[in-house]
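Chain naming follows the written order as A, B, C and D, and within any one chain the residues start at number 1.
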Amino acid sequence: MLVANRGEIAVRIIRACHELGIESVAVYSDADRHARHVRAADVAVRIGPAPAGESYLSAEAIIAAAQATGAEAIHPGYGFLAERATFAAAVESAGLVFVGPDSTAIAAMGDKLAARRLARSVDVPVVPGTLEPAPASDPAGVAAITAAAESLGFPLMVKAAAGGGGRGMRRVPAADELRGALVAASEEALAAFGDGAVYLEREIRPARHIEVQLLGEAGGRVIAIGERDCSIQRRHQKLVEESPAPGLTTRQRLDVHAMAVRIATAAGLTNAATAEFLLDEAGAFWFLEVNSRLQVEHGITELVTGLDLVHEQLWLASGARLSAAALAAAERAGQPVGHAIEVRISLEDPARSFLPLSGRVGRFSLAAGPGIRVDAGIEAGDRVPAEYDSLVAKLMVHAADRPTAIDRLRRALDESEIGGVQTTLPFHWFVAASPDFRAGRLSTDFVDEHWDGPAARATAVSRALLAVGLAARSENPSRGAEGPSRSTDAAAESPWLAAARAEGVDRWPG
Amino acid sequence: MLVANRGEIAVRIIRACHELGIESVAVYSDADRHARHVRAADVAVRIGPAPAGESYLSAEAIIAAAQATGAEAIHPGYGFLAERATFAAAVESAGLVFVGPDSTAIAAMGDKLAARRLARSVDVPVVPGTLEPAPASDPAGVAAITAAAESLGFPLMVKAAAGGGGRGMRRVPAADELRGALVAASEEALAAFGDGAVYLEREIRPARHIEVQLLGEAGGRVIAIGERDCSIQRRHQKLVEESPAPGLTTRQRLDVHAMAVRIATAAGLTNAATAEFLLDEAGAFWFLEVNSRLQVEHGITELVTGLDLVHEQLWLASGARLSAAALAAAERAGQPVGHAIEVRISLEDPARSFLPLSGRVGRFSLAAGPGIRVDAGIEAGDRVPAEYDSLVAKLMVHAADRPTAIDRLRRALDESEIGGVQTTLPFHWFVAASPDFRAGRLSTDFVDEHWDGPAARATAVSRALLAVGLAARSENPSRGAEGPSRSTDAAAESPWLAAARAEGVDRWPG
Amino acid sequence: MAGMREGPAVRARSIDAAGRPEAELVVGGGASDEQISWRDPEHAILGPEAASGAANRLSRLVVGIVRRRMSDGLMVREVLIDGWRVEVELEAEDRAALRDRARRGAPAGSTGGPLAIRAELPGRIVRLLVAGGDQVDAGQQLLVIEAMKMLNELRAPRAGRVGRVAVAAGDGVDLGDLLVLLE
Amino acid sequence: MAGMREGPAVRARSIDAAGRPEAELVVGGGASDEQISWRDPEHAILGPEAASGAANRLSRLVVGIVRRRMSDGLMVREVLIDGWRVEVELEAEDRAALRDRARRGAPAGSTGGPLAIRAELPGRIVRLLVAGGDQVDAGQQLLVIEAMKMLNELRAPRAGRVGRVAVAAGDGVDLGDLLVLLE
């Protein structure tokens, strides 16, 4: 099987292949020649230069690589070509198996506007807004769309019909910014997805982001195996996810699962997909969109259900029915046992609005032990190119209940050491220690309301300066409860002396 | 809380402390000054020089360290002082909490002869043999013990009353070796446990090693939460464990759980312990002994039950009742869901009878991803001293069923890279690929019957020589499906050239 | 730190991800209620007096080996603390003071002079909206950078005349690269 | 390997954990049905022709950097394969042949001569049962080494006279240390 992706998701899919005895083929751009997913696969094929448009987004190059290596199936992962119906169709017409919903279902779900119309047709509440594309550049349509916007009320959201991951999305605080936002969002959407269509949605705020994991078999049967809360986001991209969603009643859980199943059944969904909703303050769910692919955060559902969703995807893609284990998980989904949390470790600066970074990662030592799962796309010493997503690893914890899972997350973050490039770890530290998070007071405004990155960094910086300053001043840095007499190893006694020796100098700074 | 141990178990207990918000105190000998468990703890105290007798086995030094740091409890881990009733009693009389059964129960269970008599008193079948100490050095008693041995029949086993981990144990094939085996086993037992008493047991062979995980609360209530199969051993020390034990009927499972609970209840066991049995070819269980402590392999029971046994131990030690989660796990123990396997990664040479090794570990990269748990006591670059056990890490896999768990184990072993010192990984590779293991044909003779270490090494060595020979000869080592035209980076093209550059020479061997 | 022999005062200064000075601290005489406990040459725990029970105030530090050694006794180390990566310049305080005096003597040049607008993230220039000689208002859009799939608009921090545009549309830029000189 | 330029023939020899030669292979001309596919300078996959479907015959290799460089062009690398750690000496085959010829010219000394009994595991001498000058039978116990908590008896591989006992009770010994010389 060929894995048409890179990074942690390519590694994760290759692992599933190896577990099932399936030979795995990786693809890579020049920027990823020595990347971890290339090392993990049985066979690796170059598909083009660094820019994604000429490599990971090139359907032709990927299908050619599959044919050259004799692969019989293609797994698209998430992002890149995962939700392009034209790609799925090209794979199908090349006689290969596309591991995901078939191209018709992707088309039905991938166009967010079509999905909104479909949801409404099966009596699922959709976020109020337009149901047809808004004109971005056509001056004739501007009056009509302005009228539609006025009737929705400001602030509102402009969203890309083909969107995902916050791309092609703009918040419009007032009418006079509508035109500019339409143009900017459309341009970004065209660049990212090859489709510039945008539409309007009322802003529901405060809100929680709740999504339902779906599996479907060829005959048309769709099940929901659990939901996730992914409210903690920046730039409409998720930072922290957990499953089950805290604080829901069994009634609410079953309701949102049923809504998701209704939409997916109407769309003829097969394989794996996720339906996303907003949960407003009054406890009502509003349908947002369906992602017809594996999500980044699928692992927390695996921890809670005991399923392996990539195994399930591969079985379903081979034409099998829903497994007994999957059906059992769907039975239990209203009253889930255990709790899992994921934090996304990305190369970003949480003190500067989560600006994406790139470069060579030095130390890369993540947590281990009871209740920990790590899915990483890099190893220590790897260079992370600027061309792609900044996500490098997912740290997941699993425990019997939510408070214990949060305790475990704190412990796991304490153990995790990443050097060379700043990551989102400090933000995850903050979340794990946050009384609001522990109390389940979640909303998509969590970052804006609670996170003061510069202040958090200032505190850490002052402790760092004090620590290394103290150590550099003292020939015998304090050793906790140990007496100064115990040590006979001078190099061990002073880290500064040891480092100085390693560098071939005698002593610093004296 | 003070953790009176080292290596992976100390790290594992410190992790539980941090999850529960308990401050952790590590102890270390001079050989472990910079060991991973020292880095992990909040406070670290030196307790003596490298030999265990003067550090990790020094009850006085450990209790003094606890008092100096204000620790309120001591967790002994496994090995060292974990099953010394005198240590538990000293901890109790110092006003500290001993995390484990109370000293009376340890004494009752720790003397294997007393445990055998107790088991017989509650109608649990014990392995036929003697119930009183055999004279090792007293010539007057030799005639009597020889007569007892003759009536049991040869081969038989000499075992240490205070034994564990295969120490103080000898197999006696014929009568003329009985005397020597008694002396040797007694001497080894005296050195290892401070008690030279030994006894005789009939050899049950072929047999599987099955053990039952027990939890007990202060009031006397004991529950069994599942069993493990630990048949794959070398030198009577376990190499591979799994839970649940494959191939048992629910009836057998419930029977052996009930036997274990009867013995432990009679002994007044509290906290955590394990009852060990042999399962003969006819399907009958024979009681061996009770280990009144956490086992090395407790993690696979955690994976199957969802419990954290160290959390449970700490709650029970604080005087709490058995948790609802533990009681629920006991309810399910007859029909367990999911399957977990552990392999013990030790510094040993599987081509030379698993000879223990020591030294500096270079690369140390273990598997990760779905269904993997790693409990390690070292990191890359750590020196492993020769003074202690050769176990450096436990690799555990968890999946919905046993075949998938074995597939996952193969994948995990494929990913694991340890350099610097030979480990038991090749043996685990063999087990994961073994049709006998997959078919559940387990016995304590598995290693002797199936493992040909020198032959396995010879195969790997010939492939290694071919691979590096081919690469060294060719300026452009083959790159799988890649064309030779794609690469522009000469250093990347030839690993040999890259290495040569790193070393400041131009080219080798040309 | 009682009973320890101590060296001269040290100035520690942190550098942010864009390479700019961030904060500094002179560690000289005087007591601190924070205690640093080394576990090996790279790992330490920083916190209040051991066994005080305030475990939640502990920070686990990783102090990496020297990354760069500058001229004039300045050393740069990487510190990992509470998830943050902090690059710290370390220098004997007396030398640092000398350096500062020298710098104050040099022409200042920051007020009223030309303003160099540098890239604060690595990416690719998608569109240039100004050219050399243009007069711009504060807040006016200068160019658009694509980084990690997001389009980021760069606006003028103040009014002025564009002295020089150092990049062209399509160029890749790295953190700190000069983009536009505003006069 | 078709189409690749190749260097001179190479002799690869593996060394076991006790430092003894273990196996050797001369890689010269001729085809092999095994194919090595490099993923980065350290990782490779060795197996039959790609896409043959025989995935279960693949070995994942890690070839470490040079650990030791001996005189005379000999290099030692660590290879990790199927869980095994293999130290491989690599040498151009023509040089290796020269070295072997030189060695064959030297006095042999192994048959009938004194036998050096060396430690095959690191540990501590618990008990010595022979002294210099003792006559011993084949299989007779010479000493007891404690390693990793196990007592291991060392027995004479053949009959002879003990020429020298190089250790004392209580000594720590390392892999390869001389213990007893049997004449």
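Everything that follows uses one rule, which is that contacts are C-beta pairs under 8 Å (C-beta built on N, C-alpha and C of every residue); 3 or more make two chains touch, one makes a residue touch a chain.
All of these numbers come straight from a predicted model, not from anything done at the bench.
Colleague: Among the chains, which is located farthest from chain A on the basis of C-alpha centroids?
Modeller: Using the mean of the C-alpha atoms as each chain's centre, the farthest one from chain A is D.
Colleague: Which chain pair is joined by more contacting C-beta pairs, A-C or A-D?
Modeller: If we tally the C-beta pairs in contact for A-D and A-C, the bigger total goes to A-C.
Colleague: Which whole number of Å gives the spacing of the CA centres of chain A and chain D?
Modeller: From the centre of chain A to the centre of chain D is 49 Å.
Colleague: Taking each chain's centre as the mean position of its Cα atoms, how many Å separate chain C from chain D?
Modeller: It comes to 52 Å between the two C-alpha centres.
Colleague: In whole angstrom, what separates the CA-based centres of chain A and chain C?
Modeller: So the centre of chain A lies 29 Å away from the centre of chain C.
Colleague: Cα centroid separation between chain A and chain B, in whole Å?
Modeller: Roughly 38 Å separates the two chain centres.
Colleague: Residues of chain B that touch two or more other chains: which are they?
Modeller: 21, 33-34, 43-44, 69, 414, 480-481, 492 - these are the residues of chain B that touch more than one other chain.
Colleague: List, in ascending order, every residue of chain C touching at least 2 other chains.
Modeller: Where chain C meets two or more other chains at a single residue, that happens at 37, 40-41, 45, 50-51.
Colleague: Can you tell me which positions in chain B touch chain A when the two form their complex?
Modeller: Residues in contact with chain A: 11-12, 15-16, 18-21, 25, 33-34, 40, 43-46, 68-69, 299, 302, 306-308, 310-311, 325, 337-338, 365-366, 368-376, 379, 399-400, 404, 407-408, 410-411, 414-415, 480-482, 486-487, 489, 492.
Colleague: Under the stated contact criterion, what part of chain D meets chain B in this complex?
Modeller: 1, 3-14, 16-17, 22-27, 32, 34-38, 40-42, 44-46, 50-51, 59-66, 69, 73, 75, 77-86, 88, 90-92, 95, 120-123, 146-151, 172, 175
Colleague: In the complex, go through chain C and note every residue touching chain B.
Modeller: 37, 39-41, 43, 45, 47, 50-51, 53, 55-56, 58
Colleague: Note which residues of chain A are touching chain C in the complex, please.
Modeller: 165, 167, 184, 187-188, 191-192, 235, 349, 351-352, 355-358, 362-363, 386, 388-390, 413-414, 416-423, 425-429, 456-481, 484, 491-492, 495, 498-499, 502-503, 508-510
Colleague: So in the complex, the part of chain A that touches chain D is made up of which residues?
Modeller: The contact residues of chain A facing chain D are 21-23, 33-34, 38-39, 42-44, 69-70.
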